[in-house]
Amino acid sequence: MKGNIKKIGVMTSGGDAPGMNAAIRAVARACSYYNIECVGFYRGYQGMIEGDFVELTARSVKNIISKGGTILKSARSTEFRTKEGRAKAYEQVKKAKVDALILIGGDGTFNGGIVFGKEFGIPFIGIPGTIDNDIAGTTSTIGYDTALNTVVECIDKIRDTASSHNRLFFVEVMGRDAGFIALNAGVGAGAEEILLPEEDLGLDRLLESLKKSKSRGKSSSIVVVSEGDKTGKNVFELAEYVTKNLPEYEARVSVLGHMQRGGSPTCFDRVLASKLGVKAVESLLDGQSNAMVGFLNNKIVTTDIEEAIISSHDINRELLRISDILSV
Amino acid sequence: MKGNIKKIGVMTSGGDAPGMNAAIRAVARACSYYNIECVGFYRGYQGMIEGDFVELTARSVKNIISKGGTILKSARSTEFRTKEGRAKAYEQVKKAKVDALILIGGDGTFNGGIVFGKEFGIPFIGIPGTIDNDIAGTTSTIGYDTALNTVVECIDKIRDTASSHNRLFFVEVMGRDAGFIALNAGVGAGAEEILLPEEDLGLDRLLESLKKSKSRGKSSSIVVVSEGDKTGKNVFELAEYVTKNLPEYEARVSVLGHMQRGGSPTCFDRVLASKLGVKAVESLLDGQSNAMVGFLNNKIVTTDIEEAIISSHDINRELLRISDILSV
Amino acid sequence: MKGNIKKIGVMTSGGDAPGMNAAIRAVARACSYYNIECVGFYRGYQGMIEGDFVELTARSVKNIISKGGTILKSARSTEFRTKEGRAKAYEQVKKAKVDALILIGGDGTFNGGIVFGKEFGIPFIGIPGTIDNDIAGTTSTIGYDTALNTVVECIDKIRDTASSHNRLFFVEVMGRDAGFIALNAGVGAGAEEILLPEEDLGLDRLLESLKKSKSRGKSSSIVVVSEGDKTGKNVFELAEYVTKNLPEYEARVSVLGHMQRGGSPTCFDRVLASKLGVKAVESLLDGQSNAMVGFLNNKIVTTDIEEAIISSHDINRELLRISDILSV
Amino acid sequence: MKGNIKKIGVMTSGGDAPGMNAAIRAVARACSYYNIECVGFYRGYQGMIEGDFVELTARSVKNIISKGGTILKSARSTEFRTKEGRAKAYEQVKKAKVDALILIGGDGTFNGGIVFGKEFGIPFIGIPGTIDNDIAGTTSTIGYDTALNTVVECIDKIRDTASSHNRLFFVEVMGRDAGFIALNAGVGAGAEEILLPEEDLGLDRLLESLKKSKSRGKSSSIVVVSEGDKTGKNVFELAEYVTKNLPEYEARVSVLGHMQRGGSPTCFDRVLASKLGVKAVESLLDGQSNAMVGFLNNKIVTTDIEEAIISSHDINRELLRISDILSV
């Protein structure tokens, strides 16, 4: 099977995530190990359309395992959404003599690959790289563990000042459609309440919980709010609503923002990216395509890519329950 | 002189800053070393009014040197601004047999001490603790160095994602009246432009600079904006203004917020707080009062406290010039 | 069943690990949630023998989730290994009206619990807390993820200086009997070679690999060595052996040591400890005993404690293979 | 004056230090700002001898301000110590049309520059870059502040495990001839005792101090030892000596080693390096030579380079005194 593939193209697309560089390195080194050529397209599908790429050797990826961001840059290409755009991209891929693609990104990236693969028959494997962890077929996406630690470190700092002033803080974290970051970082940071996109626990419950906190002697509190929470109020409106209803609280808001996407990846994300990058190359050489490599039940596996993005794993209700017990 | 002082009261007031605990520890240990009693008032002047304090021994401050926030908590007391409030505070101070005060905080804290000292004749020494560094009579306030590093680490993370997406970021940092954090963290983070409360460089200059950046091949840029910058626009309006005038830029905004006040203090802040805490105790024992301890020309000195807050040291124009050269 | 248990005693024993405090907090809060009393024995079995314990309420564990070490302290008790010592311990447990125990530690800790449980019939649950990850019945022990990140951050720093000087570094990491830290941190830090207690790959292979590295243009290299590696040489002897045989290398040694046990726990370790702590309390209330709570296949489960320590999970040979590919 | 200098060569030599890259960036950008060419010699004087250099433009130094190590690499060149070696170096410098040199390093580096300058009349400016801070003419060398924070963070982690086990730790830090790191990081980490190369306080004092610690209720202790301390015992021998004489102590040793040289520079080191790099270029353009740029009394100044290395500033005895008070 390997005989068919002589050159692999790799790229990062969509929102960047820590560990993408570790995945690029693993792809490049695995190619070198198997004596295959490797090129990296810049800025995702846009660079493919423009024929903007670089040769990746085992040495050209040295010392990037510890770096945040992506050396191949990322973008969201509107041109690639058109048939013409994809045709141009295919021309460039042929011209570059690339036989197969490795796509590092989230569901948008994979959807592009599915359409492209159907239209032009080019084999491809997806590697899940996004801080949101909203991809089925893997317990963890690359970048998620790093983002959790970034959020927890920020909230630890906010708690210092919250405790010093007996204040209530509303901290908004990333996650428009998925509450993984909010829920896990919330438990990790010891948040009193966690508001998620997946379910509306109701504003009454929030007020009740904060009242209870005061009566139990808590002098400061942290409420973690996912970007896409279901209360119908943004984080500033929430703070206003609470201080109107519970004037004994002095509330502050902090929106953590884009720093959640950056930083040197954690050991977990580096090892995960390393395993997935090698597996992606080996899967292509093995004749697989239209699949995503992932980490499930402590093993590296491949999943049909359409399943990986159609289904989405649910929020961990058990962890919500534990969060309630811990904020007693 | 020492004979007069048998018990010192210490407190933290105003915005909290990393290193306040290191200063409390130094005061408590210096008292123990000189065989003086030490108590800590909770929540600044408010705890003084309420007689809410704790005995501090050499052992009760163990392991706090590395902790952010303040174990004595902090507050802004409106009651202390009234004559009645201060009279109550004095009653409690007498009742607690406290002979002298050490006040850790910024100019608001020191102003309170000046009035209190004049009204009731109680000796006091100020220790400059604020992340803003807006106190004359010391090159650095406690917490400033830590805040600079927190900001630089955040911007390093933002730069990862800015570079990956070729984006322009506006990052708002603390400093309503003083641009020390913005200027120094801006240079430290390699910002392209820095907007300060101290002077309005003009929106035209900003546009000009960003145009030049593009033409010189910079693919991503960071603009650091002080809370109190003089452009007349807040950070969101600035981003909008720039993208309207320079549509080639894709701009994002990040407001770092309260995390800048937290975190484990840097070595510099711990050593500074340790020196100032010991010096404050020794100054009181030496018969001094109405003074602030500070760090000037690499020496620990005392300054008349009214001078320390009336004059304010200017922004470092030389560093602004260097920033211009470096963002070439 | 719950009716039988009115008070739970918790303790930490053996080598300390980051996240032990998060586990103590979870135990104390779960007890509070289920209206059960909770006490913490100091210094593991030794404090039990001495009747040295403290009442733990929901409030007394506040803000410890982010702290390294253990507020209950830890020790290895030789007295508890004697029948007399255990009898004393049981007297104290009865006197304190403790109905069941939660033991946080590694296999030594659990062995103590097994003997104690058999002799005196006191129900107990183990929580795996050790940086070494050498416990079956859980994919991760509490503290392991934090230790991995500590090691990777240290090696990142060492690589800065290794690259600057084109040097070879031998870095010794913890793990007398288990190579989990060495293998995972080695892959995470991009090590060229990893030496483990689980198998002797041979000194020839090491020399061969380093020769190959040079010829492939690598200018600096990191070799990660587990404390208990099987080459028969310690890390200093290894460095000497290599420079004798490959004089083109300038080698340095770094022994990371005890800092690997400390530091604020990662989000993963905090969440894991939180889940395991709650589950331990609920398991006891549910009538279970002689079991360890653990994290397997992404679920919190209980295992018979003798199985948990008799069997030990093997080193991940697949990851060793991946490490070889990546150091191409 | 400027007319004479059209191209500047910069290099890093000796032990690497965090912030060297920030200095290289500042030199390259200042050259660009003043329309001068800039090249970087690799591996210090060795690269000069070999004619191994790279052109540095404003863009080629992008994003290096946050990186540890040195992109120009460093080395200690034995060949440069010979007249022949220096003659070769001069040939290469002429061939590269380099008119003036900027040397980033410590006293060894500067000594090389002095000899080279005398022999061949080439103007040069030194920038103090070393973690040891053992250069007169500047309050801080580049890298020193970062190293202090690295050490303090490591000792914070060691203290976690020291406290958990009531242990005594001896921590060896860098500083063969200068105790700056040991003294300042020791105070910052709250060490009980600090042993320095500058003076032998005697082993009796150490035993006395540790006895006193126990009697005052301290349950764990940290002793910071400089590599070159004057007790005549290395850190392992010290630990043995203490446990022999004070068997109530359980002692452990940690040698922090080379990680102290690495890591992303602190804000202070980045700003310092930025200022010194610009000043070095401006000083050369201004006709200066044989000088070192430094930071004294909060100002950037130039000092005659022979003075900068002949005199060496003394250890801060006042800080030793404060350390004694704080470890009460």
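Order as written gives the chain letters A, B, C and D; numbering starts at 1 within each chain.
By our rule, a residue touches a chain if its C-beta (ideal position, glycine included) is under 8 Å from a C-beta of that chain, and two chains touch if they have at least 3 such contacts.
On a predicted model such as this, the values are computed, not experimentally measured, just so you know.
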{"item": "Distance from the mean Cα position of chain C to that of chain A, given in whole angstrom", "value": "28"}
{"item": "Chain A-chain B separation of Cα centroids, rounded to whole Å", "value": "35"}
{"item": "Computed distance of Cα centres, chain D from chain A, in Å", "value": "39"}
{"item": "Chain D, residues touching no fewer than two other chains", "value": "156, 159, 163"}
{"item": "Graph class of chain-chain contacts, one of line, ring, star, complete, other", "value": "ring"}
{"item": "Complete list of chain pairs which touch one another", "value": "A-B, A-C, B-D, C-D"}
{"item": "Chain C contact footprint on chain A (complex, rising order)", "value": "25-26, 29-30, 32-33, 58-59, 62-63, 65-66, 139, 145, 148-149, 151-152, 156, 159, 163, 184-185, 187-190, 216-218, 264, 266-268, 270-271, 274-275, 278, 297-298, 300, 318-319, 322, 325-328"}
{"item": "Sites on chain B touched by chain A in the complex", "value": "12, 16, 18, 43, 67-70, 73-75, 150, 154, 156-166, 169, 252-255, 257-263"}
